[in-house]
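Before anything else, here is the set of structures, which you'll find just below.
The same subunit A turns up in both complexes below, where it pairs with subunit B and then with subunit C.
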Partner chain A sequence: MRFSGILALLLEGAGYTLLVTVSCVITGLVTGLGIVALRRLFGKGVARLLALYTYVFRGIPVLVLLFIVFFGLPGLGIRPSPLVSMMLSLGLVCGAYLAEVFRGALDAVDPHEIIAAEVMGLSRLQVILSIEFPQMLRLAVPGMLNEFTTVLKYSPFGYTVGIPEITKQAMALASTTLRGIEIYTAVGVLYFGIYQLLCLLMRMIERKFRVPGFATQ
Partner chain B sequence: MALLEIKDLVKRFDGRTVLNGVTFELNEGQTKVIMGPSGCGKSTLLRCLNRLLEPDGGQIFFRGEDVALPDTDIRQHRQRIGFVFQQFALYRHLTVLENITLGLRKLRRLSTAAADKKAAYQLERMEMGAHRLKYPAHLSVGQKQRVAIARALAMDPAVLFFDEPTSALDPLMSLEVAAVINQLRSENVTMLCVTHDVSLARHVTDRVIFLDDGQVKAEDSAEQLLTTHADPRIRQFFGQPAALK
Partner chain C sequence: MKRFSGFLCLLLLLGAGCGEKNEMKEIKVAVTPASPPNLFEENGKTAGIDFDIFTAYCKARGCQLKITPYDWQGMLGAVIGGQADVAFSGISITEERKKVMEFSKPYMENTWNLVSLTKRNIKIEKMEDLKKYSIGYPRGMAYTAFIEKELQPKGYYQIANVKLYPSYNEVLTDLQNGNLDLAFLDGTVAAVYRKKLPIQDSHVFSGFDRFGFAFPKGSTLRVDFDHYLDQISGPELQAIIDRWIK
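Let's turn to the complex of A and B:
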């Protein structure tokens, strides 16, 4: 097999890696933001429940969660696809970590501004959406990038449930061509490229929303 | 009729009584200043009036309607009160203009264009029109104060509350704020102003409420409280404000 053929297959795998990473990041963002919003909207009881969620999901290995979802749920008659299984394991774990990142960023939002908005007559939800989240997200950029990178690095677990992402392609190719060194070096380069892409994307978003007075990165 | 009529207002924190039967009135178009030793409950009083804190007793009549009752629409009530904070509390992630339009868009449901127009008018009034696209981080302290006032005025409140509007400012800028408050007074804006600043009190009103031990101890002009009030403690407070701060 020519190296260009190998590369084509690896690039195809890179597409799946990106798909898994982006899907899990989106799942994580939605859950992370949801957790923070619910915590701000409701009282102690809900907060305690959410704390339990973040505690549990940060404490169980991603691979174990993935197996529970992919191999366990079918026993209950639910058959999630491989991608959905990744979102329900890696994505939810990412959400638990992001919730912690967001909580830290939220602590840095000036409480006087929050009170000023409430005193104006805005509802709790309006304050969250107009004041707390926009500031929190700006302050959370470094922490978010960190979590997104972690998701990328965990994406190879997708191969255990049959997603043909980079690592799976590489293992298959290496065993048939015996050109392991070149293949895995290429894999490393590809991951690094995706990582750089992620950083670039975050930098672009950060620059677009940059506001003087917020120290980020 | 009084715009605000406060009767026997009580507020406790963990069993400690901070406001112990505060009673006073504020008429439409009137400006009153509330003074008193640090920790006597001035901020607490303002916060009870807009239900940021829940009073433990007493009544707050706003145009005759008791807004201390549990079934009061708190958000509706708050929209009638413009609040200017000591720390200004401008939204850091929004421009000067956006700081002012936020409430107009979210609460008054104005279109962006209409909100911008209204905000621009208030900014001109505060001589801040040229700064409307700046972020709070790029404003001087005095400019922040003006934006905070413009933001409160834009909502057409029935009354403006100030909590220590000059304590973060140098003497020159304090005079500026006093001038702004006086300008509003000449336009018959109703105002209630908490301050430590005796000179501000003298500049902006002839009605000073002296709050101590959780009650209104005196209400008179600053001059009278300073020179001829019977209670030496009050004379001393106005004579040597720094000593009690």
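Let's turn to the complex of A and C:
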């Protein structure tokens, strides 16, 4: 088999890797932001429940959770598809980690701004959406990028539930061609490319929430 | 809306059907395409002994195969969990596996070969010599039970001295790098790799391992498939196997 053919098959897998990564990142972002917002909006009871969620989901290995969701839930009559299973395991774990990243960033928002906003008559939700979140996201960029790359590198678990991502293609190709070193080098390059895409996405978020003349370094 | 539903299909990825209507019965198949010659991919297409046997069965019964590749754990999990109707990729019939899944009748006798690099020219004449060498194979293989039950009690080899790897690729790479003396390979796998690598059999164990197609517990498909295996057993089945091994 020619190397161009190998690369074409690996690229096919890269599409699925990207799909898994982006779906799980989106699930994580929604969950993480949701947790932070709910914690700010409601009282101690809810906050305790959310703290329990992050406590549990940060502690369970992704593969264990994936097995529970994909192979365990059908026993209860729920049959999540492979991608949904990834979102419910890797995505939710990512959400728990992001919630903690956001919590740290949120603490760095100047409390006087929040008081000022409340004095201006902004509702709690308005304060969160227009004062706290934009600043929080800006401060959370490095932590978020860390988390997203972790998700990318956990994406090979998708193969365990039947998503033919890069690692699957690499294993199948290496077993017949015995050109493992070339194949895995190409895989490394592809992962690096996807990592670059994630960096680009983060730069876009950074630009969107940048305050002109403030913390531009 | 059409575009949206297409997007949903993509999202649900292999989810339930997406409105496709198949008149022929669809059989969900779980495979691990890293097990030549039983199951592998050739230019991105599934191929191999197991695939040919099951395709022939499906042709005879008028059904369609929907193949999903998993890693080894995932493939077995899919059969146990019922995500797949059948799994095949050179799966050994073992007592442990029989507790959680059903097997067809054995369709292939497999040998276990200890191979070494041709230039090392290791020959295991007496089992007592085994101790002198390191043995390696992929995790989760049936060799572990074999060593524990057959070799360890007789003092031929200690399971603690085994080197475990993620897959055959790493085993053979380490063998070539000189970090490993002997690799445990399926006879079928050894036949494939012998053509591409300078390796030779140092010892062959036979009569311990047979391959079967794996089905979920209580599968009616298994009953029918066993009937089919009975029909083709003999020269017809051997012809399919020989096509890939010789």
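Here is the rule we go by: the second predicted complex is superposed on the first by the 207 of 217 C-alpha atoms of A that agree within 3 Å, B and C clash if a C-alpha of one lies under 4 Å from a C-alpha of the other, contacts with A are read in each partner's own complex, and residues count from 1 in each chain.
The criterion applied here is as follows: a contact is a pair of C-beta atoms (placed from the backbone, for glycine too) under 8 Å apart; a residue touches a chain by one contact, two chains touch by 3 or more.
Just so you know, these numbers come straight off a predicted model, no measurement behind them.
Trainee: With both complexes superposed on chain A, which partner does A:Pro212 reach: first (subunit B), second (subunit C), both or neither?
Mentor: first
Trainee: Of the two partner chains, subunit B (first) and subunit C (second), which one does A:Val161 touch, if any: first, second, both, or neither?
Mentor: It touches subunit C, and subunit B stays clear.
Trainee: Under the stated touch criterion, name the partner, subunit B or subunit C, that contacts more residues in subunit A.
Mentor: C
Trainee: Pick one for A:Met1: touches subunit B only (first), subunit C only (second), both, or neither.
Mentor: Touch partner of A:Met1: subunit C, not subunit B.
Trainee: Report for A:Leu38: first if it touches subunit B alone, second if subunit C alone, otherwise both or neither.
Mentor: In the superposition, A:Leu38 contacts neither subunit B nor subunit C.
Trainee: Along subunit A, where are the residues that touch subunit C in the complex?
Mentor: Per the touch definition, subunit A meets subunit C at residues 1, 5, 9, 12, 19, 23, 67, 70-72, 74-75, 79, 81-84, 159-164, 168, 171-176, 178, 180.
Trainee: How about subunit C: which of its residues touch subunit A in the complex?
Mentor: Touch residues, subunit C against subunit A: 10-16, 30, 33-36, 40-44, 68-71, 73-74, 77-78, 80-83, 167-169, 172-173, 193, 196-197.
Trainee: Give every residue of subunit B touching subunit A within the complex, in rising order.
Mentor: Within the complex, subunit B contacts subunit A at residues 50, 52, 75-76, 78-79, 81, 83, 85, 87, 89-93, 102-103, 106-107, 135-138, 155.
Trainee: Using the touch definition from the top, list the residues of subunit A that touch subunit B in their complex.
Mentor: Contacts found on subunit A: 110, 112-113, 115-123, 126, 130-131, 134-135, 138, 211-214.
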